[in-house]
Structures are given as C-alpha cells and as structure tokens.
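Below are structures written as structure tokens.
In what comes next, subunit A is part of two complexes: it sits with subunit B in the first one and with subunit C in the second one.
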Partner chain A sequence: MHDAIYLLAAVLLPYLGAVVAALLPANARLLAWLAGCVALATLAMVGLGFAAIEAGGLPRFDLAWAPELGLSFSLRMDGFAGLFAFMVSGIGVLIVLYARYYMSPEDPIPRFFAFLLAFMGSMMGVVLSGNLIQLVFFWELTSLFSFLLIGYWQNVAAARNGARMALTVTAGGGLALFAGVLILGHIVGSYELDAVLASGEAIRAHPLYLPALVLILLGAMTKSAQFPFHFWLPHAMAAPTPVSAYLHSATLVKAGIFLMARLWPVLAGTDAWFNILCPVGLITLLLGAYVAIFQHDMKALLAYSTISHLGLITLLLSLNSDLAMVAAVFHTVNHATFKASLFMAAGIIDHETGTRDIRRLSGLNESMPFTARLALVAAAAMAGVPLLNGFISKEMFFSEALTVATATSVLHGILPVAATLASILAVTYSLRFIHGAFFGPPVDDLPKQPHEPPQFMRVPVEVLVFLCIVVGILPSATIGPLLDKAVRALLGDATPSYSLAVWHGFNLPLAMSLVALAGGIALYRLLYRHLNAGLEGTPLLGFLDGRRAFEQVMVFISWRFARALVRLMATDRLQIQLMLMVCTALLAATLALLPHGLAAGDVALTAVDPVVAIIWAVGGACAIAAAYQAKYHRLAALVLLGSTGLATCLTFIWFSAPDLALTQLLVEIVTTVLLLLGLRWMPRRIETAGSGAPLARLRRLRDFVIAAVSGLGLAAISYAMMTRVSPDGISREFLTRAYKEGGGTNVVNVILVDFRGFDTMGEITVLGVVALTVFALLRRFRPAPESVGVPDQQQGDARDWLLVPSVTMRLLFPVIIAVSIYLLLRGHDQPGGGFIAGLMLAVGILVQYMAGGTRWVEDHLRVLPLRWMGFGLLLAVGTGVAATVFGRPFLTSYFAYADLGPLGKLPLASAVIFDLGVFALVFGATVLILIVLAHQSVRSQRAAPPPPPVEALREPAIAGED
Partner chain B sequence: MELVLAIAIGLLAGSGVWLLMRPRTFQLIIGLSLLSYAVNLFIFSMGRFPIGAPPILAPGGQGDPASFADPLPQSLVLTAIVIGFATTALFLVVMLAARGLTRGDHVDGRPRQ
Partner chain C sequence: MIPAAAELPWIVVIPVCLLLLAGSGLTLIGAFGLLRLNSFYARVHAPTLGTSYGMGCILLASMLFFSVLQTRLVIHELAIGAFVILTTPVTLMLVARAAIHRDRLEGKDAIPRAARPD
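And then the complex of A and B:
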C-alpha cells in the first residue's frame, strides 16, 4: 500500500497540478510556485521509490481494470524506470524555475504551466508503466502535450506548423508502436511488462518477431527523431525555450530511447535488431552532427546536436553488447544534463540580447561572463572534453566501437572511424556555439543591450553544469550507484563489470578522443570563414529537406489523395446513393443465398382464393400505375397508392389479423390526407412529350432492371419462405401466457402493451419526437414564392361546397369519439387498443377539419396536442415506474377483472393504463402533425405580398395553442 | 395462394425500388410507402396465412400455435405501420421545407447538370 501511494502520486500529482494551474489566475509567481512544488513533490516520490529499491524491493502498484482483455493499470519502478523518473522530475523542477523568469508576463502563463505539468505526468506515466498498453497510452499523451507545448505561441505560424509536424510524426509512430505492442502481447500472452521481460527467448523465436520489432522501432525512432524521421525536431524549436530544454534533453525524445532500452533484453540480440538500428543510428549520428555545424540559430544547432546524440545512443543500443548498453544509459543521463543546460543558456542569450543568431552575436563574454562560463563548461561536456561527464560516456562509446570492429562485417568495421568523425564534428559545432556567441569583439547592434540574467534564472544552469563537472570528475561516487541500479534492472545477472573511471591509461579510445579534439578545432578554423559568411543551408546536403518531403506527403495524403478518394468513392447525389444501397442489399442477399440456393419448400400449397387473387390483381396494378404516374400526376399516384394500401388492408383481414387491418386502414386515411395537404406546396409539373435523352433512357433502363431484380428477389424469398413450415418460435410462449399472465385475450395487444411494453414505449417516444420535429420544421416553413398565393380552388365563393357531407361529418364526430373510446377499452381482449383508438380519434378531428375548414375548427375546438403527448408519455412511463415501486421490474403489469354486473367484466390490467398512455400519445402526435400542416394554408393566406415569403410566415401557431 | 402473395410482395417492392431511384421527391415518398407495404406483408407472411384461424383467445384459455393466428408478426407489423406513418410524415415535411428552400422538387435540391 505504501508503494501504491508514492507511485500513484508520482504520476497523478503533475496532472492534478495541471488542473489546478489551469484554473488559477495568470500570476506567474504563484503558478511557478505551484508548479515547482508539484515537481519537487514528484521528485520526492521518486526518491521514496529509490529508497524502496535500495532496500531490495520492486515498488509496484496494480489495479485490475479489464483483466479479461489483459488491461490493468499497473505502475512499477525498477532502477531503470527510477533513473528516468529522476531525470524527468529533477530536470522538471529546474525547468519550472527557469521558466518563471523566461516567460513574458504577456504570455498566458496558466496554460503554459498546466501543459508543462501534464506533460511531466505523461512522461512519468511512460517510464513507470508496468503494462505495455498503458505505456502506449501515456506515450500518446506525451505526443499530445508536446504538441500543445510546441504550439504554445499559437499566433506564430512556425509554432503551429512545428507542433503539427511533431504531432503527426510522433503520434503516427505511436500508432505503429501500439500495433507492435499488440503483436508483442499476442506473442507473450500478456501485456504486463514483467511477463514480457520474462519471455525474451520466446519472443525472438516467434515468427511474428520481425513485424513486432519493426513496428515498435518505428514508434521509438519517430519519437527519438532518428533518420529519416528526424526532421520534426528542429521545427519543434519554435516552442518557448524552457519547453525545448525539457522536451529535447531529458523527456520527449528520450522516450524512444527509454522504450528501446526497456525492451532491449527481449528484442535485442538478433541480426534484425542490429541491421535496422545500427545504420539508422549511424546516419543520424553523422547527419545530425554535420548539419548542426551549419546552423546559425543557436537552438537549431542544439536541436541537430540532439539528433546526433540520439543517434549515438541508438547506435550503442544496436550493438547487442551489454557494455554498450551501459554506455547508452550513461550517455542518456549525461546528454540530458549538458543539453538541458545548453538550451537554457541559449534561452538566456535570446532573452537578454533579443537574438539567437550566431552570426549577429559576438563577445558576450564581456557582458555576461557567468553565463559564458557555464555555457562553456556545458559545451565542453557536449564536445567530450576530459574531466566532464560527456567525455566518459564518449570514451565508452569509442571502446565499444573498437570492440565490435573486430567482427567481419563492413558496418562493424567502419564504426571506429565513424565514431571519431562524429566526435570531430561534435567538437566543431560545440566550438561554434561557444566561440560564435561569447568570443570575438563585443557588438552593440543587438536588439537589446546584453547583461546578466536574473540570478535565479541562472540557478538551473548552474546546478546542471555542476552535475556535469562532478560526474565528470567523480563518476563512480556520484552517478555510479544510480547507473548500477538502472543497468541491473535491465541486464539482471548478465550485467558486465564496467569501470566508470576517468583515467584508463594511454589507450586507443583516449587517442581517438584527442584526435577528435584536435580535428574538431582544425575543422572549425577551416570552416570559420564559410560559417561567418552568413550563407543559409547545409553544404552538400541542401537537397535533404525533411520538411518539404513531409509537407508533400501531407498534401498528398490529406488533400490530393483524399480528394481523389472522395471523387472516386463518394457522391452527393441521393439517387446514386440509394441505388448503391439497393444494390448492396441485393448483393448481400445473393451472397447469403449462394451456398443454399433458393428452392421452393415442400409444404402443400393452399388453393388460390379468387377473391385474394382479384384483390392483388388490382393492388399490383395500382402499385405499378402509382410508380408510373408519380412524376407528373401526383394526385392520381396518391389515389393509386391508397388503393394498394387498401389491398394490403384487405389481405390482413383475410388472414386473421383484425388489429393490423384496423391500423392499416386508419393510417391509410391519415397518410392520404397528409400527402394531400402537402401536394398544395409542390411545384407544378407539366408532362412534356418525348422526354429523355438517350443517356437518361439508359439510366431508366438500368433502374428498371434493378427494380425488377429486387422485386423478383423479394418475391422468390417470400415464396421460398411461405412454402416452408413455420419454425416453432416464441409465438407459442405468447399464446400460452397471454391470458394467464397478461390478462388479455387479444394476444397482439397483450404483446404490445405487456410482453413487449418496453419496445412500445420506445416506439411511441419516436412518434412523439417525429411529431415535435414536424412541428419545429413547419414553424419556420418558407414555401416557394409561386406556392404562396391562394389556390384557384379556394378563390371565389366556395363556401357551400360539400355542404351535405360536412353536416354528416359534423354529426359523426361524437360517434367517432365513442367508437374510439370503445376501441381503447376493449383493446386488451378484442381488436382495438391504444394505437387504433388514438388514430381513430385523430381521424375524427381530421374529419372536422375537412368538413369545416381550418379556421372554423380552430375557432370552435381547442385540441392541445402537445399536452396530450406529454400526458400520454408520462402515463406510459408512470405505469412502468409504478411497477418498480412495487419491487417489480420496470413495466411489469398487474391485472384483475372488475365485475360490472350486467355490463360484463371489465379487464383492469395496469397494462390498460399503459395503453391509455399509448392512446394519448398517438392521438396527440397524429393530430399535431395534421394540424400544423393544415394550418399552413391559413397562414399563407394571411401572407399577402407574395415576393418575400419570409415575412409572411413569421408567427407559427397551432390551433388553440396561443 | 402463396404464389399470389409472393408476386404481390414482389410487385410492390419492385415499384417501390423503382420510385426510390427517381429524381423527384414526391416519387420518393410514394416509393417508400410502396416499399413499406411490401416489407410489412413480407414480415406478416412469416406467420404464414392461416385462413379462419382465430386471432383472439377464449377467456381463460391458452392458444395452440397450430390453430391460432401467429400474433408475433402481427404485433411487429402493427408497430411497423405506425412507425412507417411517422417517417412518411417526417419525410413529407422535410420535402416541403426543401421545396421552399430550393425552389424545386429535385431530391438533390438541384437538377442534374
């Protein structure tokens, strides 16, 4: 439990701090104190972890999350993770202190510290994760927060572009890593780091080893800016300098190194590992160092030097040698210290002089002597000058390069030469950094008069430079124990004996170091004139423009390729989309039927009933005619459609489905009236003879074929289905239990309101939503200008038309209401029920509208559809909730029969109350739709001056709902 | 009888699909209605066609699937009819709104170039 507290705190504290920082006002001092305290507390947690490791333990914390998927939240801290956690939190403290003085008060400070802390938390998550999926998750979080940090100055285009590039490359790599980790988990059978680390043999022998390796290395190489993915790092320099100092020394770019070293025990040791990583590391090492020399921006120089050092570490990791592994870990730490201090020094120069251009800077040694000396020592460490930490790890690199050079391959053979060459270049760019900025004659045309920075801004640099010196002079007394724990955590018993001494006697590595120093000085002298000539670009390698390549790829993927794909695969034409849908359905049906064929079943056919045959002869003809007439003769099509509906309705009656027939009949009426109301707003369409170019005719032929095939297919499937015995499904259940448990003899109704009551509730909700949508859409209804005027039929004296029918209809109104209530009450036992009764009552209202006209009805009758709907829905839900009050599941029904003497027995099931809700909602929704549509004609008549129809239809109103 | 109904379903579906791919909104709405008839009948036909089978139980009785009309497809179709009505209404209103906004009745809001 003790472990759990500080491990969790180490990851969660920074996030918590980030949230608090985001909420605080923009007070730099307060925020810096907060962030500093959080970083210090995190560092203290790491210290606690180290104490536990010292005591021989392995602090860990596991929280099962989705164990069946292999997902758990687990944190573990061994010596290696601890070393990285120490760097992340320790340098984090220094960065916060530095940023306190670096950031300008005009910048949004809370955002800066919030992102910085969140990034720190993500890094801690990466290094402390005990589960690989969790590691990838935090990995992507570091990509995300580094994106936000690099793009901190949102108004600067370079910052935005740099941030986007970094995100694209590193998060893209993260996806590859995720895939790789999934494969790795598949091989091992677990995503737990311990399990993975324990099965190195099995992983390397597995056929999926190579894909897993390549994917994981893609993730690491993009993150650690290895060639050819290195180009994002220089562009990330658009970030504020504290961010660069943090991201590019100890954290973001080291995450890739961390991963490679973390999985080194299980992935390394193969030829594939060496053959992928060695060339990549070598090219990155040399390319970065070479390009760094020719940078005029101090931060860009440091960025390329970072790339070069990352290449060096990758190269060491690639060598499959335990000693090289030690050197890699050691150099990672060393690089973090001197590079962070150098970035901070460059930031101080930028801050105090207003420029970072080495060509403009000169002689700062005079004006800022302290900073100059600090930078000098840090740069010397970078160059590998003896008695500084960079020297020791570089010596180790040289001796490793010499050791592996005994192997026969060319790649091995050239390593010592390449190592020396890279060191020469490193000395040259370090010299350029120092000599260019601090030596030479002082200049006075800088944007600001240079002077020493505030004392505390220099403190972080002092601390780091002090570490460089101490580690350089007394390596085994300072970094020794830490390094030992880290290396032992990786290599275990295989840890080789290594010596951290400064002096190993006169040997070849020392000679190489001396050659590098001398060569570097000589090269700088040689290039001095060229460098100060102020030329842009790198000689010989000017063609290597990572950004241009990246942008071309991005343009291709996100623009040209996407557009081509859209052109190829998408259409905004509804007809084509619908055709594709129909064709897909046809194809799916064909594929599903292909293995089985579509033969008729063997049930004895029932005799053809002439009535049904005649009904469908008419119905089918009507359907075809409706299809034929729908374009030019809408009214005719509507009548034909209604006839088809009637044929359907009759079929339902014929085959013992009275409820369906009733519903179909009523819906038919309502739909027809609805469409009739809509017809008035449609544009006039006059049939032109001989329409159709050959292309259009071809299109129609194609559609006809599709329609014919669809119809034939559905007919064939229906026939095949009907000629087979119906399987004994769940209908038997419903039939046996309808009366016993639902208390009703009309099984269809019992299913609707009881057995499947929840479905019905969803359905009436949909109906209500549709009605409200219709209402909302028509509130803002704007008819086309030519439809605004009053139709011919309504002009003149049309009052007395339909006099007899209208009187009849008015007289029928109470009858319809009575029938409707009767249908509702008997629904549980006899055909009827809420749906039918609701539709019936709606038809009653509808008939009044037809008889009296919209105005007359609205003057005489107040229907409040919205209240009916609300009442219905509440009733339905209330019935359901009532059951839960009695401790039963939602919508459980209860029933009893009330004996009304001569009137018979009245079924009193709670389902009837539910049905009442259905009734109220169906009625309300149907009437609402009809009324708002009918009301349009009244409104538009008021809407006199035709041209701007917008004016005419401002005020919506439902009858009686003002 | 089965053949008659199968042909009927096919005719309705074919006409519906044909109208579905037409360019005018009104054709589409008629097509959808025809298609929903076809589909409703198709679902209904899952219960086969028991002529004269009672759909209502005797009070206190239990139904035997062999002699009663299958209630399951019926209740499914009943909800389908009501939902079909709702979508038709919605589509009609969208059609009207589009007609007002685009000044035409083409399904894409503008005729094919």
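And then the complex of A and C:
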C-alpha cells in the first residue's frame, strides 16, 4: 500500500498540477512556485521509490482495469525506471526554475506550465508503466503534449509546422509501436512487463519476432529521432527554449532509448536487432554530428548534436553486448545533463542578446563571463574532454567499438573508425558553439545589450554543470550506485563487471580520444573560414532535405491520395447514396431469406376491425400521395405526411399504447412545423408538361421498383414475424417488476428511465449531438440564389392579421406549460414522462415563435437551449452517478414514499430526476433547432456562391434529376 | 367496458345514441360541404359544423355515458370543448386570411380591396 501511494503520486501529481495551473491566473511567480513544488514533490516520490529499491524491494502497484482482457493499470519502479524517473523529475525541477525567468510576461503562462507538467506526468507514466498497453498510452500522451509544447507560440508558423511534424512522426511511430506491442503480447500471452521480460527466449524464437521487432523499433526510432526519421527534431526547435531543453535532453527523445533499453533483454541478442539498429545508429551518429557543424543557429546546432548522441546510444544498444548496454545507459544520463545545460545556456544567450545566430554573436565572454564558463564546461563534456562525464561514457563507447571490431563483418570492422570520426566532428561542433559565441572580438550590433542573466536563471545550468564535473571526476562515488541499480534491473545476474574510473592507463580508447580532440581542433581551424562565410546549408548533403520529403509524403497522403479515393468511392448525390443503402439492405435480406423462404406464421388472426381498416386505408393513401406530391408540391406532401402520422397515432391509441400515441402526436406536430419552416429555403420547382427524357423516366421507374420491392418486402417480413408466437422475451419480466423494483406503474416509462436507463441516456446524448449538428450546419447555411429574396407569400401587408391568433396562442402558453409539467410529473405512473413533456413544452415555444414572430418572442423570453441541454445531460448523468455513490451500479434508481400526512403518500423515485434531465434535454434540443431555423428568416441572407466548375470526370447532369 | 355498456338503462342509452348520431351527422354534413362547396371561402365554413355543434353533441354524449358508467361526474370533456372552441376559429380565420392575402397578391377580381387604406 505504501508503494502504491508514492508510485501513483509520481504519475498523478504532475497531472493534478497541470489542471490547477491551467485554472490559475497568469502570474508567472505563482505558477512557477506551483510547478516547482509539484516537480519537487514528484522528485521526492521517486526518492521514496529509490529508498524502497535500496531496501531490496520492487515498488509496484496494480489496479485491475479490464482483467478479462488481461489489462491492468500497473506501475512498477525498478532501478532502470527509477533512473529515468529521477532524470525526468529532477531536470523538470530545473526547467521550471529556468522557465520562470525565461518566459516573457506576455506569453500565456498558465498554458505553458500546465502543458509542461502534463508532459512530465506522461513521461513518468511511460517510465513507470508496468503494462505495455499502458506504456503505449502514455507514450502517445507524450507525443500529444510535446505537440502542444512545441506549438506553444501558436502565432508563429514555424512553431505550428514543427509541432505538427513532430506529432505526425512520433504519434505515427506510436501506432507502429502499439501494433508491435500487441504482437509481443500475443507471443507472451500477457501485456505485463514482468511477464514479457521473463520470456525473452520464447519471444526471440517465435516466428512473429521479426514483425514485432520492426514495429517496436519503428516506434522507438521515430521518437528518438533516428535516421531517417530525424528531421522532425530540428524543426521542433521552434519551441520555447525551456521546452527544447526538457524535451530534447532528458525526456521525449529519450523515451525511444528508454523503450529500446527496457526491451533490450528480450528483443536484443539477435542478428536482426544488430542489422537494423547498428546501421541506423551509425548513420544517425555521423550524419547528426556532420550537419551540426554547419548550423548557424545555436539551438539547431544542439538539435543536430542531440540527434548524433541519440545515434550513439542506439549504436551502443545495437551491439548486443552487456558492457555496451551499460555504456548506453550511462551516456543517456550524461547526455541529459550536459545537453540540458547547453540548451539553457543557448536560451540565456538568446534571452539576453536577442539572437541565437552564431554568425552574429561574438565575444560574449566579456559581457557574460559566468555563463560563458558554464557553457564552456558543458560543451567540453559534450566533446568528451577528460575529467568531465561525457569523457567517461565516450571512453566506454570506444572500448566497446574496439571489442566488437574483432568480429568479421564489415559493419563491425568500421566501428572504431566511425567512432573516432564522430568524435572528431563532435569536438568540432562543440568548439564552434563555444568559440563562435563567446570568443573573438565583442560586437555591439546585437538586438539587445548583452549582460548576465538573473541569478536564478543561471542556477539550473550551474547545478547541471556541477553534476557534469562531479560525475566526470568521481564517477563511481556519484553516479555509480544509481547506474548499478539501473543496469542490474535490466541485465539481472548477467550484469558484467565494469569500471567507472577516469583513468584506465594508456590504452587504445584514450588514444582515440586524444586523436578526436586534436582532429576536432584541426578540423575547426580548417573549416573556420567556410563557417564564418555565413553560407546556409550543409556541404555535400544539401540534397538531403527531410522536411521536403515529409511534406511531399503528407501532400500525397492527405491531398492527392485522399482526393483520388474520394473520386473513386464517394458521391455527393444523396439519391445514389440512398439507393445503394436500400439496395444493400434489400440484398442482405434476400440472401438471408433465400434458404428458408418467407411464409406467414400460424397465429390465428383476429377479425378485421372496420375502423382500423379505414384508418389504415386513409393513412396508406396519404403516404402514397405524399410520395407522389413530394417533388413539385412540397406543402401538400407535408400535409399528407402529417395525416399519415396521425393515422399511426390513432393506431397506437386503438391498440392501447397511450405513451406511444402521445409521443407520436407531439413528434408529428414538431416535425411538421420544423419542416414547414425549412420549406421556405427550398428552391422553387415548377412542373413542366411531359417532364423528362426517356432516360429519366427509365430511372424513375427503376427507383419506383426498388422502393416498392423494399417496402413490400419489409411489410412481408413484418407480417411473417407478427403472425408467429413471439418467444418468451423479457416483456413479462418488465411488467411484473416495474412496480416492485422500478417504483412506477407506467411500465413504458419505467423501462425508459430505469430498466433501460442507459439506452435512454445514449439516446438523449445522440439527440443533443443531432441538435448541435443542425445548429452548426444552419449557422453557416447559404440558401440557393433563387430563395434569398422575400417569397411571394410574404409580399404585401399582412402584419396585423396575426393579431388574433397570437393573442390566443399567448393565452394558451401557460396552459401548455402546465400540461407539460403535469405530463412530466405523472409520467412514472401514467402516460407521460420526460420525453413527451419536453416535446410539449417545445410545442409551446414553437407556437409562440409562430404567432409572435422571432423578434417579439426573443424580446420577451430568452430560451437558452444550450443551457437546457447541458443541464439535462448533467442531471441525467448525475442521477446515474449518484447511484454509484451509494454502492449501486450506474443508473440504479431508488424510490420511496413521502408521507404528507393528511394528503396521503407521495411516491418519490430518483428516476423522476433522471426524467427531468431527459425533459430538459429534449426541450433544449428541439428548441435549438427551432431557433436556428427561425433565425434564418431574421438575418439577412447571402446567396450561396456559384457552384465550382463541373469536373471533367463527373457525368453531365441529367435533366429533371434532383 | 363494452360488456358493461350493455347493462346501462335505456333512459341513458337512448340520449347517448341520439347525441352521438347528431354529432357525427353534423360532422359528416360538414365534411360533405368541404368536398362539395364551390369557392374556398365557402368551403372554409363547412367544417365548422363539426367543430362546434357536432363536437358539442359528441362531448355531451361522452360525458353522459362515462358519468353513468363510472357512477361519478366525468366532465373533463369540457376542457376539450374549451380548447377546440378556442383554437378552431382562430385556425380557420388564419387560413381564410392567408387565402385572401394570396388572392390579393395574385390580383383576383372577386376579392374586395383592403378594408383600411394603408
């Protein structure tokens, strides 16, 4: 239980902080305090975890989530996860402190800290996940929040594009990772990390190993910016510098490394692992280092250097050697410290001088000496200068490269050379970073007069640089225990003995380091003139433009491919869509019926009642007539349709279904009125004698046949169904239980609000969505050009003619309200209920709009349909949730009788409150549609723009077609 | 309910039947009028037979029948009557005015000009 608290806190605290930060006012000091405290608290939680590991335990926390699917929410922290959690939270604290001084007061600060904390929580989730599915979930969350952070300056196009690119690449890789994890889970039979880590042999021997490996590596490589997916990282530099420092040193890009190392014990050790990762890591290492030299933007230089270092770590991981694994973990930590401090130093320079361009900067050593010293040390660590942490891990890299070079393959053989070359390049770009900005003659044409930053802005850099030095001088006393736990968590008993000493005597790796240092200095001198010439682009590699390739792919997928697909598969003509749908249904029904045939059942029929027969005959005739008139006489068709609805309604009454009849009646009224309001915007259509070419007639005949066959077929199926004895369903159960368990005598209503309350909730949600959709569509509605003008019916003067009706309807309004409330309250026991009552009240408003006109009604009565809808939905959900508070399943209803003394007993059911929610939502949704339709007539209309030129592919429109 | 109706005393049954016949007969005449009369303005008047006296008779019959059947006073038909009397004339008036409006716009001769000069 103790474990559970701090593990959960380590993941949830940042999220909680994010929510609070988002709600706070824009006060940088307050927000930084909040974020700093949250990050510190998270760090403390990680510390508690380490204490538990120290005691020999494995802190973990499991919460069954969907156990039948083998999914659980589980957090676990071994030494390796702990090391990463320590980096994420520790550097997080420093970043918050730095951002406090970096961010300008004009920026929306709450958003920044909210995203930063949420990102931190996601990273903690990734590293502490004990379940692979959960890991992927947090993985995608990091993509999402990094997208928001990179695009923080929304008004800058580069930030938006960079954010979108990062999201596309990393989230796309996340999908591949998800697929890979699913395969892995399939192989192992469990998604629990422990189970997966325990079955390495089985995984490597499985035929699905290769697909799983490729997919998982795709996820890791996109996240860790490995060639050829590296291009998003430099573009992500449009983010604020604290974000870059955080994302690209310790967190986002390290997630890929984390994943590869996490699964290293089960996935590595095969040729496939080496053959995929080694070339990728090697190319990334060299390419990143080479391109970094030629960057003029300090952050871009650091970005490419990050790519190069990530390549180095990937390369180490690919070597299938335990010692290389140790070096990889070690270098990950070292890179996080010196790269974070370098990014922050670059940010300080940008902040205090107004530019990051190395060509413009010079001689800052004089104006900001302290920052210069810090940057110098950090850059030296990056270059691998002795007595700094970068040196030790680089030495380990060299000795590993030399060890594997004894193998026969060419790839192995070139490793030492490539490693030395990469180090030479690293020294060169580190020199350029330092020499370009801090040395040389001071310049005075900078946007701002350079000076030292505020003291506390420098503190994070100081801390990190101090760590670089301490780890560099006393590695085994400082990072040693931490590293040991991390490596032991990964390798277990197979952990090799390794030495973290600075001095290993004169050996080949040391010679390689010296060669790299000397070579780097020489190369910088050689390139000095070229670099200062200020040319853009990278020599020899100018043709490699990741961004352009990415954009071309995006354009292809999202534009050309999508358009081609739409051209091939879609139509914007409603008739064809409907025809296809009806034909498909017809075909499906026919295929289903073919083997068995369709025969009437053997239930004895009652005698035909002449009254029902007449009602049905009239209703059917009206329906056919409505279809016949629909094209040219819409009003008549609408009236006939209403009559059909009335016939249905009467049928319901005849068969003793008052609830249905009431609902049907009200729905008919509302639908008819709303359709009437809509008719005004339909373009006029005039019937001409002998309309249509023979082709059109043929088409109409075809449609008629389809319609008739479908309709008659449906009738036949219904008849066959209804003439059979229905199997003993649950309806009898409803009848017996309605009063006993639902507390209502109106079974229909009890089913709606209690037995099937969940269905009802879904339905009202859909209703709300539909209303909002209609609202959204009509808000930008543009009528056809010919219906813009005032229609004939509204010409002339007839204003006063509505006086008598409007007075009458106004008088009726309170009556309608009273009836509506009456229907609502009695709904649980007698015909009525929330749906009917909501429609009733909507009819009341409808009548007012019709009689008084939109302006008059809205001057006197503001209905706020959106609030009604929101209130209704909240009420319905709230009633459902309230049941869970009492330990019952969602939407359980409760009922009791209130004793009102002489007035008798009043039945009270919580379902009535749910019904009130239904009432409010139905009312709000109906009125919302009414109001948008009504407003069409009030606002001035603009005609729709003329249709775009007819595309060549589209067949010419047939005369008389709708 | 239908078996119970057979046991009602003839002194109730006969007035109920007569009222029902009268009400439905009036409504039927109104319906015929709607079908047969010549102009729209004449036709508008026909259904009022059904919605006034016709409806009144049927509602009276209903009140009588159910009051005796349930041995209590059943008068909620009065509310139906009130609403129908309130709404039907208004509706018909609206329809008629719409027709006049349209005919005036189309310039038909048989329609009087606007009563008030605008």
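Basically, the second predicted complex is superposed on the first by the 576 of 962 C-alpha atoms of A that agree within 3 Å, B and C clash if a C-alpha of one lies under 4 Å from a C-alpha of the other, contacts with A are read in each partner's own complex, and residues count from 1 in each chain.
FYI, contacts are C-beta pairs under 8 Å (C-beta built on N, C-alpha and C of every residue); 3 or more make two chains touch, one makes a residue touch a chain.
The shown structure was predicted, so the numbers you read here are calculated from the model rather than taken from an experiment.
Counting the residues of subunit A touched by each of subunit B and subunit C gives the higher count for B. When the shared chain is aligned, subunit B comes close enough to touch A:707, but subunit C does not.
With both structures placed on the common chain, the touch criterion links A:536 to neither subunit B nor subunit C. Judged by the touch definition given at the top, the superposed model places A:445 against neither subunit B nor subunit C. Of the two partner chains, subunit C is the only one that A:812 touches; subunit B does not reach it.
In the superposition on chain A, A:804 makes contact with subunit C only, while subunit B stays out of contact range. In the superposition on chain A, contact is made by A:792 with subunit C only, not with subunit B. After overlaying the two complexes on the shared chain, residue contacts for A:602 are found with neither subunit B nor subunit C. Once chain A of one complex is fitted onto chain A of the other, the partner contacts of A:68 are absent, as it touches neither subunit B nor subunit C. Once chain A of one complex is fitted onto chain A of the other, the partner contacts of A:644 are limited to subunit B, with no touch recorded for subunit C.
In the superposition on chain A, no subunit A position is in contact with subunit B in one complex as well as with subunit C in the other.
Those residues of subunit B that touch subunit A in the complex are listed here as 1-24, 26-27, 29-31, 33-34, 37-38, 40-42, 44-65, 68-72, 74-75, 77-79, 81-90, 92-97, 99-101, 103-105, 107-108, 112.
Those residues of subunit A whose C-beta lies close enough to touch subunit B in the complex are 572-575, 578-579, 582, 605-609, 612-613, 616, 619-620, 623-624, 626-627, 630-631, 634, 637-638, 641, 644-645, 647-648, 651-652, 654-660, 663-664, 667, 670-671, 674-675, 678, 681-683, 685, 703-704, 706-708, 710-719, 721-723, 726, 728-732, 734-736, 738-740, 745-748, 751-752, 756, 759-760, 763, 766-767, 770-771, 773-774, 777-778, 780-785, 787, 829-831, 835, 922, 925-926, 929, 933, 949. Interface of subunit A with subunit C (complex): residues 792-793, 795-798, 801-802, 804-805, 808, 811-812. For subunit C in complex with subunit A, the touching residues are 83, 86-87, 90-91, 93-94, 97, 101-102, 104-105, 114, 118.
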